[in-house]
Amino acid sequence: MKSFNYKKHNDYKWAMTVDLDRCDGCGACVVACQAENNIPSLGVEQTQEGRNMLWLRIERYIEGSYPDVKVRFLPMMCQHCDTAPCESVCPVYATYQNNEGLNVQVYNRCVGTRFCGNNCPYSVRYFNWYDPDFEGKEKNQLNPDVSLREKGIMEKCTFCMQRIRRGKDNAADEGREVHDGDIKPACVQTCPTGALEFGNINDHHSRVSKLAHSGRAISLFEEKGTHPSVKYLKGGTADVF
Amino acid sequence: MVKFGSLSTTAKVVLGFIGTAIATFLVLFYIFYEGPFYLVAHQPTQPINYSHKVHADDNKIPCQYCHTFARRSEMSGVPGAARCMNCHESVKQEAPEIKKVIAHYENNKPIEWVKVFDLPDHVWFSHKKHIAKDVSCQTCHGPIEKMDVVSRTNDFQMGFCLDCHQENEAPTDCWTCHT
Amino acid sequence: MNNHYTVLGLYKKMETTVNATPQIREAFNLKDGEIEVLTSAAYPDEILIEDKTLMYQVNKRQFLFPFLLGIVGLAIGILLAGGTGWIMNLDVGGKPPFALPPTGIITYEFTLLFAVIGSVISLLIYGGLPNWTERAYDPDITDGSLGILIKVNSNEEQNKAADMMANLGAYKVKKGKNDF
Amino acid sequence: MDRRSFLKFGALAASSGVMGACGQATQKVIPFVIPPEDGANPVDGYHYATTCRECEAGCGVVVRTVNGRAKKIEGNSVHPISNGRACVKAQAAVQRVYHSERLTDPMVNKNGKFEKISWNDAIGMLVEKLKIANGKTFFLNNGANDALAGVVDSIFGEKGGNFIASNHDFGHESLIAGGSSLFDFPKIQLADMSNADFTILLGADMNESGVSPVYQAYTFGQSRRGRPSKRGRFVYCGSRLSPTAASADKWLPVPPGQLGLLALSIAQVVVDTVIQRELAPSVGRDTLMGWRQALNSFTPEKTYKKIEVKADYIRRMAAPFVDEAPALMVAGDGVVGFTNGTSSTEAIEFVNMLSAEIGREKTKLSQAKTLQSNPTLKAALQANFGLAPEKQSFRRLKILTDGMVGNEYKVGIISHTNPVFDTPKSLKFKEALANVPFKVSFSCFMDETTVECNLVLPDNHWLESWSAQLPNFRPGVPILNLVQPTVVPFLNTKQAGDVLLEAAAKAGIAVPAKNLESFIGTVIEKNRAYLKDVPTALDTKESWNHMLQSGGWWPNYNIGGQAETPKPASLSAVSKNLIIEDPSFDGDDSYQFYLHPYKTAHMGRGNGANQAWMHEAPDPVTTLMWQFWIEVNPVMASTIGVVEGDIVKVASPYGSITGPVFPFAGLRPDVIAVPVGYGHTKYGELANNVGSNAMNLLGITIDKTSGALAFRSQKVSITKDKGSVMMMRNAHPRGEYKGEIFQL
Amino acid sequence: MSSNNVKRSSDAVTAGGHGDISLLPELEAFRDPKSKAARASYDDADIYRDEKSFNEHTLAPMFTTSRAYFVFVIALGIVIANGFAWFVAQTFLGMGQTNMHEPLFWGAYIATFVFWVGMSHSGTIVSSILRLSQANWRRPILRAAEAMTAFSLLVAGMFPLVHVGRLWRVYYMFPLPNQRELWPNFKSPLMWDMMAIGIYLTGSMTFLFIGLLPDLAVARDKAIRENNWRRHYLSFLSLGWRGSHREWSVYNKASMFLAVAILCIAPSVHTIVSWDFAMTMTPGWHTTIFGPYFVVGAIYSGIAAVITLMISLRWIFKLDDVIRTLHIDCLAKLLIVIAIIWTYFYFCEFNVVWYSQKPEEWGIWEWQAERFGSFLWIMVGGSVLSIFLMSWRKIRTNMVAMFFITLLVNVGMFIERYLIVVPILSHRDSAYMWTDYVPSVTELSIIVGSFAYFVLLYALFLKLFPIVTMADVKEGVIVSGDVKLGRHAVRMQVKE
């Protein structure tokens, strides 16, 4: 059951799979995301207030007690839901579903009511409580493809939209479709264990499509009916003994 | 018998002031909103007194001879001093402005041009895409080949982009331009 | 426009006022819109002017404005909520471009807003407000006096009426011109 | 006033806004004078292949640069180590280049105050001192096997009282020594787990303190889900449930120092089974019986008392090593942190080789796959790009320190290492350093060691440098990594190798080349004939460019290479070594807890502490940010009477540290785990005064065989201290995920 | 009933004798020995004389100003200035000045916003319901209640502005045609909310103004007579009101219509405010009961606030004869009903979750109980206690007791709003992101400032406009008369 008018089979529909069997919680994706998307680091004071600006975070859950204890890692980023709860509540259309299945956040349209953040069951939307603090030499590291967000703006994982756009442009220049693996968000590209995969789910030969249709794939909070584009592949533990 | 409309001068002044203030605010808001005042003449002094008129109009050098990146990149690519030297190695070596260019070239010191056409940070624009669709340079940059000193001719408000996009059935999805 | 003359008689007691009005009306053969009673509070109909024909009839059109403007509000609501949704054809959370529930809500609110505005407009129009010009009035009215205000066509009638009002118990009679 | 702030004023005070409308801030366009030749898309940027130098694993990376500034580092997808992946340190490297606290100019220490001087003066000073020292010079690096180490080796060597040492990651000596007793290759044996069906991780915390986090994690991922219809199973044994252990299927809490014993116990079961089933491995029955004899005292029942793992579990763990499924054992910090580290590593490698010998399908295991490389090339590279392994042990650092105390050195050269901070306090490196009259530091940042030096020479960041590097482990193929500048240097810095070469030349010492770039070029040109896959038709410059484009040289074994299994040099001779002494611990009975210092992925040994991203990315297990912590088992925490955030004091005979406690169920009750890398005092604003330095607690306990520091051999006591702090954790303490998502 | 029956007799007072139950509330004041002056004026059958003194008496708070008032206003001004300063700082520095953090994006501001919107429901609903049902005792208190609506809405409307991240972009939310060809999203409950609140503000301001018209004329006449400076705006605002029969008829119809319209708007407003929460899929918010629950809660806190306010006004301006214990008594009875409904709804909401023990919803209750347990008890306990206490007439007519009871109710209702926003947002689906929150100094200053702002608006209103609905009281006096029933003369009210 997809939303009603977009994402036909001949279009791109970007999706990601997260293999929980592979994720070892190293956090390379977290920093890769920060580096790619000009995400400011908030500093001690803001962290103390409970804020964070990790578009991609690795959730950690501890189960059980010694010695039968398990620590679980769950990478959590914007799920790019097909029927995203965050979109409809925005009073200014600052976030909407584009025809490639992306949940687009238009920074310069955002007013900052933060309603979208309230309606996101995954809590993956982040708010610029202050202006980003890139001073002096640090400006050199800013990615020119990604705009800086001023204070008062909601932001979130974009599936590295700038890379998608560039990948499509390059493909268009060469007069072809985007190949599987042409486009990789920063987190997918860096993931040492290969837990993350990204691609066009409408292409049935793409890796992401195969994984997403494997028996292990589930969506988080499936009962909420959000139809996320991020599929989690179950795993992490199997009986050894 | 009794006059109710005894509005004193003070009251009239106050009311008038409030009315004027509201009207002014509305007008200013409209101006701000529609944004024509962004079109502030922006005609900065460049380090080299370069004339587009001489090069592009008088000598009919095509734009993309110098702005080489334009057709294959998002940036048009302001040419480096080496590009100038392609011609000026043999042409007009004695002119004072050319001497400056030669000095830059020989010292391997880049020329710091001042940007005239600038888009805000939140807009993503690709020259490549537009040139591929045969959008002429003048559509956005104005009659640049007639300018001795380049000045900004366009306020580059969203409406400007949008009009053209709608006219030519280019995508108007937000993420086309905003990342 | 013909000049007219007004007489305002101020009474302290309701009974005297009630007695005076029919007599004055008959004496000067006043028609609808030529006699008016000024009071500090809303008296029930028929108390001060017993003749129904002379009483100000609530114009049925007083409800026309709220109704018409309500329809305007309805249209605006539909246009705003439905129309802009149609123009901004963006997929938000899988909601259709023209979504009925929000349109209903906005339409409801706008209808009521315009109805409220309409009722105020009709109050002003049918109540003859605002009118800041010089008019026959006395501040005593808000302190509880009842005023009988009539409109006559000549100076003589004005004098005559003033006398008659005084005789009928008015403690104060004021004469005026062109200020009914 | 830029456009945005202008609009802001516009909304608040429209009238004044119009008055203030002065257009946009002037922006400059600065084109290259001569654009780069390849003419690639200038906004997408230029992509340069180089090698990450944040640690010595030698991952090939690709750096995207725009306008001469590095923007993003990605893994090099053709590189055999990184396979297109990158770890957190590589990702954060750009932040180090543009760090606001980077050293900008050469500085001289005048009574504790640093004054900027010119490069000419600085090099002049260095030359003068080198002349006076006349050989009594020591050089200390961070364990890098790179061109700088090679240059230094050839300039100073071991002549005339010169001394070269390195301060590299603790325990690697044992990994090398343990491996090289079985294999003829003096490098860390790093298993390629890609094809393993069953892997026992013995204290191998690949994601935090692994030898190569990227390579190990990549092979982990491949084993788990990289192969169709096969899922690699993992068991982690060790005293702390590290993030790596968390991604394994099962964690077995084993007491500190007993992992080798566990391996031997498994070996016993394996050998027993092999004999029982009458499998016929190439080693022969006699040898097998010999092993059985030697392993007799290591039956699971006998070792239970020490390793606290049920005999049943051990038998089950041993089964895959006999059966057809490829099985592996991987050693890590949890093995080498003790005095029996080398013998434990040996035992582990013994099981691996034994399993490979007896298993019929074991050849699929590419763990042992390597390419035959020309011995001449190998020798040449070893000589020129790196230090001999024997020059790189902790014992040597101890000798150096003793030498300094004995006033044996006139000049000290310290490059990119911070021994004052990251070696145990009881080594007294700082005090020893004071005896050296002239110390030079090559560094990008001011740190605890640099402030002790007389001359500070700011080095280029590796993104601005030339170098060549050999990975510190063997990933299956011989690899020569090249490092090339990708960022136009924008500070008044010079590359350490160039400065040393220049100074040495001026001081009258024979130098191999004029600068580092030409040194590397010369070495490569000399050995070009041996570099497979570099077309011989190319001229010097072309082949150089060819190598730079891929980020170095390695033979492409997928195309033409011939896989070769290294010889288990002395598998049969091992039997006499199959004995593991008990680990010895430092500290008497009043110290009841084992100290478990561990590196986190973000802080490393402490050099990540000045990076905002490293602090901001939550620690995988505790999810703490910007904070130091001391992990204790919750039961123990309640025994001491502390809750999360309470300050505790951990003391050893050598010192004590305080910090907030973090009760963590994944920790043995007799162990106290402390992350290292915190507690800087002179490493910049972000690093200073965050927590305490676990090195304050450590004594000098050395693994006799390899000379490695047995850094987990310290016993400590823990007491409640005054006060508590707010824990800046990313995860809510009570957050639980009530789903079945983690269960297969 | 013919007009002949409508006559005043001098024995109307003495003829009472109905024990404590008064059928003629207007007369009760004159039996009150405290207000001898009032009794004297009404003892005289002459309407003119007693109406004049009535005017004088009820306009006294407006026309006479003590020094304490200025001190009070200045003190309020300081509190407001403080709040405003923090607001300016927050706007320029960023929303980080608050203590909100992911995923708790709404905090004390929104709680206060809901509280103020709730407060606004007292005036119009009380006013229009009582008007339409022609409850006689409503007459003197309508203005005070309506003014409360308007001002609490003004204060409430401020909070979205305080709350948004980019105040300077707030006009994106207005449906204005623009060159970008962009429109706001009417599918967002926030847009409904904005529209509803704007419309409700317009409506209730209109309602207040229309109700004011005849009284403005009274004040105008007094101001003109005394050459008071207020005559300028009063004569302008009273639109030349003369009190003619035509004006009165049109006025009566219009105000009835307005009462109906407002009665339609008001519940929709708070329902829509509740939908800001209920339309989301956040567990704890996503319940159907939220609409009526919010409306009832709003009326509940609103009526309590009206009582608090009445008692304060009565005490400060010595209006005991106008705002009498009867009014408080009647309002308190209304309050009991609403309190019972509110408690019932609250119990419904709780009981459903408690019984099903659905983890994500019951978890919130446990979380609430653990972290905000004492708050929870103040809220629920306060409500139950107030129902219990107000069942006694003695307490209902005891002004001090009622003052504190209603204050307690409103403290409880503020807590209720806080508990709707904070614990639920700090206990979201994503358990990793659970969090804790305490408002920052900025938030508290602005919230305290908002209370001061409300009081200031009210205080200024008192000095600029008549606070008692004079025309309504007069109408009540006119249309009532004594009817002989048996041996007693009973005061009756003419109803149409």
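Per-chain residue numbering starts at 1, and chain names A, B, C, D and E are given in the order in which the chains are listed.
As a convention for this text, contacts are C-beta pairs under 8 Å (C-beta built on N, C-alpha and C of every residue); 3 or more make two chains touch, one makes a residue touch a chain.
Not measured: the values here are computed from a predicted model.
When every chain is represented by the mean of its C-alpha atoms, the one lying closest to the mean of all protein C-alpha atoms is A.
Chain centre most remote from that of chain C: D (centre = mean of CA atoms). Chain centres here are means of the Cα atoms, and by that rule the chain farthest away from chain E is D.
Counting C-beta pairs in contact across C-E and across A-E shows that the higher total falls to C-E.
Taking each chain's centre as the mean of its C-alpha atoms, chain A lies 46 Å from chain E. Chain A and chain D have Cα centroids lying 30 Å from one another.
The centroid of the Cα atoms in chain A and the matching centroid in chain B are 35 Å apart. Rounded to a whole number, the gap between the C-alpha centres of chain C and chain D is 90 angstrom. For chain A, the set of residues that touch two or more other chains comprises 52, 57, 59-61, 74, 85, 88-90, 93, 96, 98-99, 109, 145, 150. For chain C, the set of residues touching two or more other chains reads 88, 90, 92-93, 95, 131-133, 135, 137, 139. In chain B, the positions touching at least two other chains are 4-5, 7, 29, 72, 120, 174. If you check the complex, the residues on chain B that touch chain A are 72, 120-124, 126, 128-129, 173-175, 178-179.
Of all residues in chain A, only 46, 49-52, 57, 59-61, 74, 76, 85, 88-93, 109-115, 117-131, 150-154, 221, 224 touch chain E in the complex they form.
On chain E, the positions that touch chain D within their shared complex are 91, 167-171, 359, 431-435. Partner chain C is touched in their complex by these residues of chain A: 3-6, 81-90, 93, 95-99.
Residue ranges on chain E touching chain B, taken from their complex, read 171, 176, 178-181, 220, 224, 231-233, 235-236, 238, 240.
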